[in-house]
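You will see two complexes here that share subunit A, one where it goes with subunit B and one where it goes with subunit C.
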Partner chain A sequence: MPVIRVDGQDYEVEAGGNLLETCLELGMDLPYFCWHPAMGSIGACRQCAVVQYQNEEDTRGRIVMACMTPVTEGAIIDLTGDRAAAFRRTVVESLMVDHPHDCPVCAEGGECHLQDMTVMTGHRDRHYRGTKKTYRNQYLGPLIHHEMNRCITCYRCTRFYRDYAGGTDLAALAAHDHVYFGRHREGTLESPFAGDLVEVCPTGVFTDKSLVHDYTRKWDLQSAPSVCTGCGVGCNTLPGERYGRLKRIHNRYNDEVNGYFLCDRGRFGGNHVNDAPRIDYPARREADGRFRALDQAACQAQLADCIAGKRLAGIGSPRAGLEANLLLQRLVGAERFNSGMDDGEHKLLQRSLSHLVNSAARNPSHRDIESADAVLVLGEDLTQVAARTALALRQSVRNEAYRLAAELKLAPWQDAAIRNLAQDRRSPLHIVSAGSTDLDDVAAGHYRLVADDQARLAAQIAAAIDGEPSGDAAVLRIRDDLLAAQRPLVISGASAGSAALLDGAAAIANALARAGREAMLSFTTPECNSLGQALLCRDSHASFESLEASGAEVLIILENDLLRRLSPERVEALRERIPIWIGIDSLETGTLAYCDLVLPAAAFTETEASFVSQEGRAQRAFPVHPPAEARRPGWQWLLALARAAGNTALVALEHFDDIVPTLAGEDPVLQGVMRAAPDHQFRSRGLKIPRQPHRYSGRTAMAADVSVHEPRLSEDRDSALAYSMEGSAAADRPAALLSYVWSPGWNSNQSLHKFQADIGGALRGDSGGARLLDELTMPAVAEAPRPEAFRRRDGQWLLQGRHHLFGSDELSRLSAGPAERAGRAHLYLHPNDAQSLGLAEGDGVTLEGCALELRIDASQVPGSAGYAVGYPETLALRSGQWVPLSVASDWQRPPQVIGSDREAAS
Partner chain B sequence: MLGSLLSQLRTLGTVLRHTFTRAETVEYPEQKPYLAPRYRGRIVLTRDPDGDERCVACNLCAVACPVDCIALQQGVREDGRWYPEFFRINFSRCIMCGMCEEACPTAAIQLTPDFEMCEYDRQSMVYEKEHLLIDGTGKYHDYNFYRVSGLQIFGKDKGEALDEEPPVDVKSLLP
Partner chain C sequence: MSEQLHSLPAETLTLSDAELAEIDAEIAHAPYRAAVAIDALKIVQAHRRWVSDDCLEALAAYLEMPPAELEGIATFYNLIFRQPVGEKVILVCNSVSCWIKGCEGIRAAVTEHLGIEPGQTTSDGRFTLLPITCLGACDRAPVMMVGDNKFEDVTVERIPAILEQDEGATPG
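For the complex of A and B:
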């Protein structure tokens, strides 16, 4: 390891890094703007200047940019000396020449990297007395606010948006010192990662629009480590709360999962806890069909009345935590417990679980995915289903560039040089899907097939890898690319609804492993705890039919909207067989209308829960604030139900942490959930870990309108976190308990490097989360029959689900911004099919009793129709259904939206 | 021995001399002392010279407050101005230190010479925005934050603030 001398002191450092990274790793404060740990160096902002000396005799030295200077043995640099400091101060002063006097009304203030760096360089007095440049802002959609005056032209936004995330509609426009970062015309930013601009921008050019309109400074936010409930990826988040309202969701760094970035569904899809109709009190339905709120005593009496001595059945939920589901399963008995997914989905998840466990291929984390040098995606539009995984794939195709760079001895952080060197040369990515995907622009090949044909293609590829001859050019091409790689990756999932496709994906990965490759196999899962439910119900699962026949007298539904999974007729039928329904939910779903007793559950910001991600990683989400009114976490309601039912095994449970150790019994996989985070007895330096930063303000006035006598602080008996600003905020607290990132002098999220041992590596207090599948054993499943090849039928179309980042999941569309992005439900048809029906873009199409807006899409397989999954109008539709299409009568074309991107794009 | 005796005599002398000097004690509350305009007493929220409330809800007063007795919530008005949806000071905690006034970037929050805040009920010491907002500019007559800030509000377009150039024409390539 090379030794470098910084300010007269020798340090032994890692080879291969640059001076900026190295100085930060050594704990020094060196200002920077354009460098980003995930995006490397370009040396644009001139802020990280240091003086480097050639040897001991050299007294003059020269100013170099630390981010562009590799660490070399014996390097002598001066970081705090006058010349370097004066240079950096001048750079900030020139950046501030045009910076507006906005800090008090800027949503970045208080966590602004520009503020931090200005203070750090010591620039205080402005010498420039001239005028300031101004810019007009653009409307960038319902999620992002634009304030171009504040820009310091560090180019981080376009480097992230275009180079890292593959967006096309944000660019550096105009010339010389008029450079403008925006769209070529006003309109919604299209990238599903546009929200990351909020965190990537070192100042307040891009800010979170919902936060701007209900603003709280970072130092006033109470936050706790949480896990995104948007999809199965399990990104780590930091929701921030004030006055009982969720203000914003920020990324929480986890080097194995989401790194520095979060998708827009995760970032903006949480506002439903404020916006959507919530239930505040337990209620009982009266004879007239209306619900009447119950006080605590009446509620207890009702619970006992409803379930004491009765035969219970339960429906769990893949959006509720594993603990609550486990409790419900034990309360009603495994034979009368439904995981909350319909039978088809449950079987697909069991199948993917079995493949993950029995395959010789590795089940990769996102970090592994980024290291793949050839990728095959089978049947998934990853950007819409598991957006963060798609972003990881976008990085994996750059491995070819890194390989070329290594040949020339270019360091991986030399971003501009490597992009210039590689140009369009990428590691192969092959996408087999039902329609175009957002990754097509970096794909070596894309193959548009319906699900059955996808499965057939997968089986052929697997056979070809095993040496069977094939005449299909696509098969050969994919086979050659996968075999040429060292770390090939196959990704599939349940979205296409095809068991044969999962088998095909596993067969390819196994064949690659047999061929001696470090093969990887990954499956997406639809919801945040889908895999947890699959694990919980791997031995016993009551289908909805068997619930009907179970003879149960009471049905307990945990945080699940059955109407999203079953037709209203099926729900009615179930309702007729089971006389008493108890619904526990945080949202006012349609299912609650069928219930006799409704119990208000805490939302994801108010309850502790463990979720198992698609990787099989159990991660713990902690409550950000105590639940208001009579809301209680789902697991506490279930304990109350257990008490009412006189269930002696469950009444002894007291803490959240007791649930899994007591109930999971001998199951080592479920017991592994306990490793996800430290338990409630954990203390850092003898103290609990605070949820509030040490500058949290207004404590003696926040509730003074109610009573001037300050209320006692809420106690958190179930976790090691405290609803307080007091406690231990040590930098090495466990990653799973990192409630906010802040370090002296570093108020912005750039302070993260103070919590990492190596820049871009694991946090000092480990990565957080526990991989469960490594200990799991499961019987192999019988191969699904190979489906028939697709043949189009006259007058009928084969339905294929097309997912949307906004709208296809249950929760994000309940928030105002994402709901606007989701728009109306639509149907995709090939241009020829549309023409044969006499339909044009924007017309209405009727199928199965619902009318959808038509989008003409040349990537749709002729003879098939793609429908937007998960919209209220399309809940009854299933992939693989054959349906006739007809022109919708009295269809109102949607109004033209000014600044619409689609109009601009066409 | 002699020294301590002398000291006692000198003390007696001093006391005797003070018997004939004018009393400094003021018969408060009948007699009120003069308090300079910059005296640190009860806080008010002022308005800018155009008559709009100055507070932009930036939260700096709240975070500067050593006893954490200020709480507020920001909102955005239709004309684009930030304003406090509520602004609450718990005067039963306030120590009149003036840190909030120092922190305030818009000269909205100002301390006044009024310190007489006695209540029988402590709850009455909680002041909301309607109790705090006055109709004048207080000690700073000319300052108008939005005339300096780059934020666009109704009635002040981009480039119309103090020392601002008109907005850049991004489509022009002229130097």
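For the complex of A and C:
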């Protein structure tokens, strides 16, 4: 390892890095703006200047940019000396020439990288006496607030938005001293990662619009490590709360999962805890059909009344934590427990699980995915289903660029040079899908097929890798690209609803492994705990049909809206067979209207829970704040139900941490969930870990109209975290308990490097989460029958679901901003099909009793019709169904969802 | 990018056949369509005097590039006009040589003669006055351009004749 001398002292450091990241790794404070650990160096901002000397005799040295200077053996640099410091101070002063003095009203204030760097360089007095430039801001949609005056032109926004995330509608406009970062016209930023600009921008140009309108400074936010409930990826998040409201969600770094970035569903889709109708009190439905709230005593009496001595059945939920589901399963008995999914989805997940367990290919983390040098995506529009995985694939196609760079001995952090070198050369990505996808722009090939044909193609590719001759150019091309790679990756999932497709994906990965490649195989899962449910129910799963015939007298439904999975008729039928329904949920779903007793569950910000991600990684989410009113975590309601039922095995459970060790029995995989985070007895330096930063303003007049007394601090008996600013916030606390990132002098999220051993590597307190599938054994599944080739039918169209990042899942559309982005569901037809039906873009089409607006889309397979999955108006539609289409004669375009705050932006 | 193109309004402005023919001629020499962006912007401007938002979007679609990227190029160059200009654009150089030789007086004379400040267009739509940094003839400072004609060694007295009759123009 090379030795470098910094300020007269020698350090042994890693080879291959640049001086900036090396100095930061050594714990030194060196200011920077444009460098980003995930995006490398471009040397644009001139902030990280140091003086480098050629040798011991050199007394003059020269100023170099640390981020652009590779570490070399014997390098001598001066970091804190006057010349370097004066240079850095001057750079900040010139950046501040046009920067407004609006920190007190800026949403970035208090966690602003520019503030931190200004203080760090020692620039205090401004000499500039001229006027400052004023820009007109743009309306950028319901999620992002724009304030161009604050810009310091570091170019991080466009480098992230365009270069890293593949966005096309944000650009650096104009030149010289009036560069402007914005859209060519006002309008919504289209990238699903636009929200990351909030964290990427070193100052307050791009801020979180919901935070701007409901503001709390970072130091006044109470936060706790959480896990995104938006999809199955399991990104780590840091929700921040004040006054019982979720104020914002920030990225929580996990080097194996989400790294530095979240998708916008994750960042903004959690606002439903504020925006959607919630249930605050237990209630019983009276004879008149109305719900009447119950106090604690009445509630307990009702619980006993409802379930004591009764035969119970339960429906769990893939959006509830594993612990609550496990409790419900044990309470009602596995033979009368439904995982919360219909049998079709359950079987597809079991099949994915079996393939992951039995395949010779590795089940990759996102870090592994980014290292893939050839990728095949089967049947998924990943940007819509597992957006963070799509972002990882965008990085994987750059491996060709890194390979070319390595030939020229260019370091991987030389961002501009490598992009210039590679131009359009990318590692191959092949996408097989039913319509266009958001990754098409970086794909080497895309193949538009309906699900059955996708499965047939997959089987042919697998056979071709095994050496079977093929005359199909697509098959050969994909085979050659996968075989040419060292680390080929196959990604599929249940979105297409095809068991044969899952088999095909696994067969390709297995064939690649047999061919000696370090093959990887990954499946997406639809919800945050889908895989946890699959693990929980791998031996026994009661389908909805079997629940009807189970003879149960009471049905307990945990955080599940059955109307999203079953037709109203099926729900009615189930209702008729089971006389008493108890619904536990945080949201006012349609299902609760069928219930006799409704119990208010805590939302994801108010409860501890473990979720198992698509990677099979169990991760723990902690409550950010205690639940208000009579809301209680789902697992606590289930314990109350167990007591009411007199279930002796369950009444002894006290803490959250007792659930899994006691109930998971001999199941080593479920027991592995305990490794996801330290238990409630964990202490750092003998203390609990605070949720509030040390500057938290505990005193507030917010509730002075009710009481002038300080409210008592809530106690957290179930985790090692405290609802307090007191405790140990050591930098080496376990990653799973990292409740906020802050370091002296580093108030912004850039302080993260103080928590990493290596920049961009694992946190000092490890990566967080526990991979469960590595210890799982499962029988192999019988291969699904190979489907018939698709043939179009006269007068009938094959429905193919299209997923939307906003709108296709249950939760994101309950938040105001994402609901606006979701808009309304559309139907998609090939131009020729639309013409044959006499339909034009924007016309209404009737199918299966619903009317949808038509979008004409040349990527739709002729003879098939795409529809937006998961929208209220399309819940009755199923992928793979044949339907007739007809013109909706008296159809009128439904009104657009109105922008909540367009005027506020102007 | 396909999404971008899809989201264009149905009745979008189309470029004229003459413009498209000239742009096609450029594309024939280029490795990919977006490579001719600068030339295409100049062609559109030659036909329309300036590049409107609608033109920019239509051109971006034709060149198969995101409008934001084309806007970045269009606004980088100060002689691609993104707002309407008069029949002739007056460019008065204000860089060092011309400043030493009294360009401020030249600019004031133009303003007095036409009644427009820099950035404005005469009410009859004939002239737009703009400042510019260097016209490449510093040895002949002060220098200005009116339309396609360049005028060197300009004096305040010559301004009316330059503006009305293009008197004393040197080939640009």
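Keep in mind that, in the parts below, the second predicted complex is superposed on the first by the 886 of 906 C-alpha atoms of A that agree within 3 Å, B and C clash if a C-alpha of one lies under 4 Å from a C-alpha of the other, contacts with A are read in each partner's own complex, and residues count from 1 in each chain.
Everything that follows uses one rule, which is that contacts are C-beta pairs under 8 Å (C-beta built on N, C-alpha and C of every residue); 3 or more make two chains touch, one makes a residue touch a chain.
All figures in this text were calculated on a predicted structure; none of them were measured in a lab.
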#### Entry: subunit B versus subunit C as contact partner of A:His184, first or second or both or neither
second
### Message
Contact-wise, after the overlay, does A:Arg517 reach subunit B, subunit C, both or neither (first, second, both, neither)?
### Response
neither
### Query
Which holds for A:Arg351: it touches subunit B only (first), subunit C only (second), both, or neither?
neither
### Task
Return first, second, both or neither, reflecting whether A:Leu170 touches subunit B, subunit C, both chains, or no partner chain.
second
### Task
Using the touch criterion from the header, give the chain among subunit B and subunit C with more contacted residues in subunit A.
B
### Message
Between subunit B and subunit C, whom does A:Asp438 touch in the aligned arrangement: first, second, both, or neither?
### Response
second
### Task
Could you look at A:Thr216 and tell me whether it touches subunit B, subunit C, both or neither (first, second, both, neither)?
first
### Message
Output check: A:His804 vs subunit B and subunit C. Expected answer is one of first, second, both, neither. What do you get?
### Response
neither
### Query
In the superposed arrangement, which partner chain does A:Arg88 touch: subunit B (first), subunit C (second), both, or neither?
neither
### Query
Which subunit A residues come up in both lists, the one for subunit B and the one for subunit C?
173-175, 180
### Query
Tell me, which parts of subunit C touch subunit A in their complex?
1-4, 6, 10, 53, 56-57, 66-72, 75-78
### Query
Any idea which subunit B residues touch subunit A in the complex?
56-60, 62-63, 65, 67-76, 82, 86, 88-90, 92-93, 105-106, 122-123, 125-126, 128, 145, 148-152, 158-159, 161, 163-173, 175
### Task
Could you pull out which subunit A residues touch subunit B in their complex?
100-105, 109-110, 130-137, 147, 149-150, 173-176, 178, 180, 212-217, 219-220, 242-243, 695-702, 704-705, 707-709
### Interfacial residue positions of subunit A with respect to subunit C in the complex
168-175, 180, 183-185, 190, 436, 438, 440-441, 841, 857, 859
